[in-house]
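Structures follow.
Two complexes are shown next, each including chain A; its partner changes from chain B in the first to chain C in the second.
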Partner chain A sequence: MGGISRALPVLLACVTALMLPSRTVAQTDLEYQVKAAFLLNFAKFVEWPSSAFTDSDSPIAICILGKDPFGRAIDDLVQGEAADGRKLIVRRTSQLPAPQACQVAFVEGSTKDVAKIVNGLGRGVLTVGEGGSFLREGGIIAFVIENRRVRFDINQTAAESAALKLSSKLLSVARSIEK
Partner chain B sequence: MRTFRDIPIRQKLVIIIMATTTAALLVAGFGIVLTDSLLFRGYLRRDLSALARIIADNSTAALAFNDPKSAAETLGALRARPHVVGACIYRLDGSILARYSRQGASACPAPDDRDEIRFTSQGVIVAQPILLSGHRIGTLMLFYDLDEIAERITLYGSTVFGVLLASSLLAFLLSSKLRAVIATPISQLVRATTSVSETGDYSTRAEKLSGDELGVLVDRFNEMLAGIQSRDQELKREREQFRFMAESMPQKIFTAAPAGGIDYFNRQWMEYSGLSFEQIKDWGWTQFVHPDDLEENVRSWRQSIDTGEPFTFEHRIRRADGKYRWHLSRAHAMLDAYGNISMWIGSNTDIHEQKEKEEALRRANDDLQQFAYSASHDLQEPIRNVAVYSEIVAQRYHSVLDADGQQFLGFLKEGGRRLATLVNDLLAYTRAGTAEINETAVDSSAVLKHSLSSLAEAIRESNAQVTYDALPEVYMGEAHLQQVLQNLIGNALKYRDQDPPRIHVSAVGRGAVWCFSVQDNGIGIDPQFKEIIFGVFKRLHHDRTYSGTGIGLAICQRVVERYGGRIWVESEPGKGATFFFTVPQRAQSVRAAALDSSTG
Partner chain C sequence: MSARAIRTIPSKCLRLAWLFVLLMPVARGDDPQQATPDQTGPAALKNLSLEELSQIEVTSPSKEPTPAFRSPVAIYVITGDDIRRSGVTTIPDALRLAPGVEVAQIDGSKWSIGIRGFGTRLSRSVLVLIDGRTVYTPLFAGTYWEVQDTLLEDIDRIEVIRGPGGTIWGPNAVDGVINIITKSTKETKGVFASTGGGNVEQGFFNFRYGGGGDGGDGPTYRVYAKGFTRGPEDHPDGNDFDAWRGIQGGFRIDWAGGGRDAFTLQGDAYKQEDGEQVTATTYTPPSTQNVEGYEQLSGANLLFKWKRTLSEGNDFQLQAYYDRTNRLEPNLGEDRDTGDIDLLARTKLGTRQELLYGAGARISDGRFDEVVSGLVFYPLHRTDYLISAFLEDDINLVTGKLMLTLGSKLLRTNYAGINFQPSIRLMWTPDDKQTFWASFTHALRTPSDAEDDFYLSSFIGETPGGTPIFARFNANPNFAPEQLNAYEVGYRRLIGKNLFVDVAGFFNHYHDLFSEDITGGFSIQTTLPFPAPAPPPTYLLLPAQFQNDLYGVTYGGEIAPEWRPATFWRLRGSYAFLRISLKQALTKEIAIGPASDNGSSPQHQASFDSSFDISKKLQLDLIFRYVSALPDQRVRAYSTGDARMGYRLGKHLGFSLVGQNLFQPGHVEYLGDPGGPVAIKRSVYASLSWVTK
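What follows is the complex of A and B.
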């Protein structure tokens, strides 16, 4: 069993906590724990072109660009996880990564010049951000909070232009999809 | 209540067809339902497994991104499957992400530990793991009711029942057709047989309606009828011939049923009796039999009816003018192929004249016998006187008589002696016909010994050798038997050759009689005289060589016939002679024979 399988029940149990009226630090931690789990799961519903990897054995790298809101939680989750036969790993970088270095790129909500970063990443990278504006700036998946629950929107046009195929299952659970 | 055996064939056919159809359909239906329920379980297992996999697969994203709404939508697709009672998606920790229920809320039990499809009495429970990238992220449970199986069984059942009803109806409708094929020819045959047996009209024919076994049956039946018809006609013709013959005969003829009732008298009967057939038929004939003869007549007729023995009776029958005439009535039973009496045929012969002549003859015979008896009896006294006084003359006047006188006296004595013998024999002969009958058994060996001792002197003189076998007991008067044996042995001694006589006496059982034989080596008898020698005073040898009165064998015959026996001789001249006589072995037949010979 992978880490996420072990972690998810715990996380999901915490989701109820998100429904509490006031937000706390602990709540914020919980929010990012859920988002970390989602981030991992996204990798499992997306199909990358082979050009996105250096070779057939290369892992799927989840890169946290700039500020890291997850901490060690995401490292624990990614432990032993795999998707489509490729290992999942987490990378942290403050600079724009090299081509084929990242397959998933998370951009924290408070980051500036999001559009520039997204454009700089190029094709073959699933860009995940926070807030409703992330999609307008060219991002593919944006976390949103709705009714104190973590949900996400998808910009399918952006996904297509990044040469990524998003699973219809993923689309079916998205809050909204832009085309 | 009528059993199946007794109901008409038409109904039997219907029942057989319906029973066969029902049985076949029930077996087929049961087989189909059984096979289907087995196949259907397999099918259901595969179907539910596939369904669960699809639902589970479609739920991965909802589970991965904790989206109960999406999961509920996915489960909502199950609405298309009305037999899915409920479904639950569990997270890995066992909490419920989404549930689906066909009718209202249904509880989701704790998820199964085992991933499998279980058939329970309530329904089918499917536990399907939900996997994402090879890792389990939750469990799907489906609850499926068994209504579908029940529905299918109901469907098959109602189909079988429907087919059953339809085929029964069809069989019932077909039965009218089948009646034409099987039952109608049989009914027709039954009608024909009934008609024949009721009317006795053998010209009836059954109509052939088919070429099958029933047709053959009809053909054979018709052939049988034709055979019976021709035999019937033949019988009628024969009966007519018999009637014609009976009517044209001068004799009186009748026929009787096996029970004894007279069913036919010929014309001669009606003419003789002056009565109509109606008056004398059955037992009406008893009115014209003489009252003195009637009782014995009826008894004898009944005995014949009971035993089948031929009927013979002499009785007086009243003529139209009221006079009774003696008739000899005879009747014989005709037997059928099975030995049962089919009828009696009888005749009645007028023997009145003959009877009267016989009576006159018997009276004359009786008179003659009485005369002979009295004469020989009365003659004894004067004959004795002749012997006595000629002896006295011979003694007292011996010296007075000359030689001629002596010779004449000798002739007188010899004549007197011969006359005495003759009269004694005659007396014996007449007595042989009138003597009493002995009903107790007599040892014939002892009787033979007495005979031999009486003949001892003659045996010694002739130097004869007499031998004999073991002899039986017989129901015959001792004196009578001795008379016969003594006469026969005496003859054998008398008619001898130059050689000393060798005589052998024996007896063998032959049927109901003992056959005695007395064999000798004497001069024998020419076959042409075989009968004559038994007559009274019949002598073959009149010379002096052989003395005798010529009555001995006549006495023997009279005695033997008195007991219902027979006497005869077998011989050739010069080769000796054997005399045979028979005696019935049983006292009853001796008695019957005695009665017979006394009345006849």
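What follows is the complex of A and C.
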């Protein structure tokens, strides 16, 4: 008995070493896969004014402004999705988009002059960014990492001034809501 | 088994651990999540709800700087997930995960816990809070660790502050602060149930149900219940007195009433029986004997919190609680009611300053039951109060780069007058990835009933004529606060994306430290200074008293690196160094010299752990720890390790197998029971858990 139990930790360590997974191709960070899924969900839980679209058939565009951390993951995710009778699409742009071109605008965390971008987007755009400072710069939803999980904070004043209606479902899952 | 075989295990394991590290580059860049695209691939993520998305673990805590990363104190955060993956079943054992904390198990239900030295059964200079409720007892000055419990799955995090911690923590935050914070009920919806057992952890169950929050803004709640029965540790004399069983239940309600206000109401109640062996000293024969029995422990608490946000950076919080504890031990009994109210506020002053201030009052009413004449608090019934206030100013000298924190606590208790406890802290954050800090704090531990009105006797022997001889610590109403001047520095650094290093150093200068002094020669006595059930026979007395005659320094440091080589693997290490050098202030005989403090804390502590997700379903966690010798406790250096294997059997059902203290059948961590050292057993338990969201 003594011999077996003494060997237990050694055995466990060996087991771990042998069970190292085999190599696979590195893909998008899980963090950004999850964030992409959140973006898709946001589109479903936000109500836009009709003035946010060119016409009743135009899609809901999720725009990635500047740096793109998602890669193909977000395209795969959004492919074939619709919300409120509108098709969802992904756009990538390095410049400030034209009015009505974007309904969701994602700004990557390391982007500079965030306040300028957010102001430039105007009404009818759900601005989504990263880190605690994004809401202070006028953004509507900010992703934060808490306890190794992706959470988000909401600035409701900014949502209201952008003429967007956020569903109570979205508000209830948010980590915190600023008013 | 031979002693030689035991000794070779740690080195074998270390070698394996290193092999483990060396193998690591092979795995770098691998992503086991990809192996099971049905679980987490983009297509699967699409079908998850917002709540489910919020529960996926994506990164190490070091990736995004947490508030702890940017604070000018030596803080370590044990997350709820760390607790779960370590396999521990008690809060004291969870504290082993933090560097610089000395946790030594005395027997089945007792621990000695210290931070940067001074570990004792009651941790007299460590402040412990559970959701803002202080669990410090003024009777013996410290924390009864065995009754501090909750559903471990509901713990969000334990913040461990080494050192005096700063202005806003409550009284007696001298050597450290342990802040146990449970999750909001928003995060504990659904059913959690687990049950299991093993050789020491003989059987347990945990249950929680959470709900509410319908329509977004409504109140959310949870209720929980738990129960356990634990077997005795290993006693060389075969006297297995320390079995332990208990039940506990509680609730919590959170309501963010329309955004501006947030309310919390929570409460717990528990009942326990802890087997113990104590020395019962009486002035009447048989003078002294070791008594075994079950401590009957019970208690309940209710806490209310209201937080109002006025605007960003301006808010206040009001908290009130009531706490009841009942203890009946084989040699003493106590019933205590505590009521406490605290106000905490935050105001922005211009763009560069933030003011934190608050005030609090506590009243604690204790009724002591005298069981033996050798251990008496007199008067038997007393009410103690404490009034405190604090002011702290955080000044941004250079916005985002250099911050100066000035603050002070003011404390008034019925044991001592007004005390002023200032602190000054400077923090420099040259960039997002580095923090330097330095601080000076003056802190003190206020006297308690244990010095003020405590009579503790011990039987020394008999004269040839048959007269009993006793030594007695007489109450000392002039006991002064114990004082500390602490000088601390620290550095945190995020290297690349995955390596985080935290280093801290300290130099503590103590004075007026607790001492056990002999205050005179032998004399013949026929009376006692407190009422006793029977008048004493004529006895010979050696008088003693708890006084403030020790002074000296402690110094040391801790380093705690954390490395996340891949998303599925985390490695952590820690090393803590400590030197204690205390002297007696007066040249008089001292009953127990400074060696007691000098030799009861480990000079070196080290740990190494690995958390590994072998697949989406299988987790393996290994912990190794080393603690150097405690000469004054006659405890030898030891190394031991824990291992946990967790396996997900289905969407809701999980299985885990945990082994603790695996390197040897038993090892001693601390003295403390009259019957001699107790060896903490190697233990194994298995558990099944069920979770719904």
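General observations
Keep in mind that, in the parts below, the second predicted complex is superposed on the first by the 151 of 179 C-alpha atoms of A that agree within 3 Å, B and C clash if a C-alpha of one lies under 4 Å from a C-alpha of the other, contacts with A are read in each partner's own complex, and residues count from 1 in each chain.
In this text, a residue touches a chain if its C-beta (ideal position, glycine included) is under 8 Å from a C-beta of that chain, and two chains touch if they have at least 3 such contacts.
Worth saying up front: this structure is predicted, and the values here are computed from it rather than measured.
Legend: residue contacts after superposition of the two complexes on their common chain; A:I145 is shown touching chain C, with no touch to chain B. When the two complexes are overlaid on their common chain A, residue A:L30 makes contact with chain C while staying clear of chain B.
More residues of chain A are touched by C (comparison of chain B with chain C). Contact with both chain B and chain C is seen for A:N41 once the two complexes are overlaid on the shared chain. Contact with chain C, but none with chain B, is seen for A:A73 once the two complexes are overlaid on the shared chain. In the superposed model, A:A82 makes contact with chain B only, not with chain C.
Using the contact criterion defined above for the overlaid structures, shared-chain residue A:R91 touches neither chain B nor chain C, since it reaches no partner.
Of the two partner chains placed by the overlay, chain B and chain C both lie in contact with A:S172. When the two complexes are laid over each other on chain A, chain A has residues 2, 5, 8-9, 12-13, 15, 34, 38, 41, 45, 81, 149-151, 169-170, 172-173 in contact with both chain B and chain C.
If you check the complex, the residues on chain A that touch chain B are 1-2, 4-5, 8-9, 12-13, 15, 34, 38, 41, 44-45, 81-84, 149-152, 167, 169-170, 172-173. Of all residues in chain C, only 1, 5-6, 9, 12-13, 16-17, 19-20, 23, 26-27, 29-35, 40-43, 45-46, 48, 50-51, 53-61, 63-64, 79-81, 156-157, 186, 213, 215-217, 259-260, 312, 567-568, 610, 612, 614-615, 618, 620, 622, 641, 643, 645, 659, 662-663, 665, 682 touch chain A in the complex they form. Across the complex, chain B meets chain A through its residues 58, 60-62, 64-67, 70, 73, 91-93, 95, 132-137.
On the side of chain A, the complex with chain C involves touching residues 2-3, 5-6, 8-10, 12-17, 19-27, 29-31, 33-34, 36-38, 40-41, 45, 73-74, 76-77, 81, 131, 136, 144-145, 147-151, 156, 168-173, 177-179.
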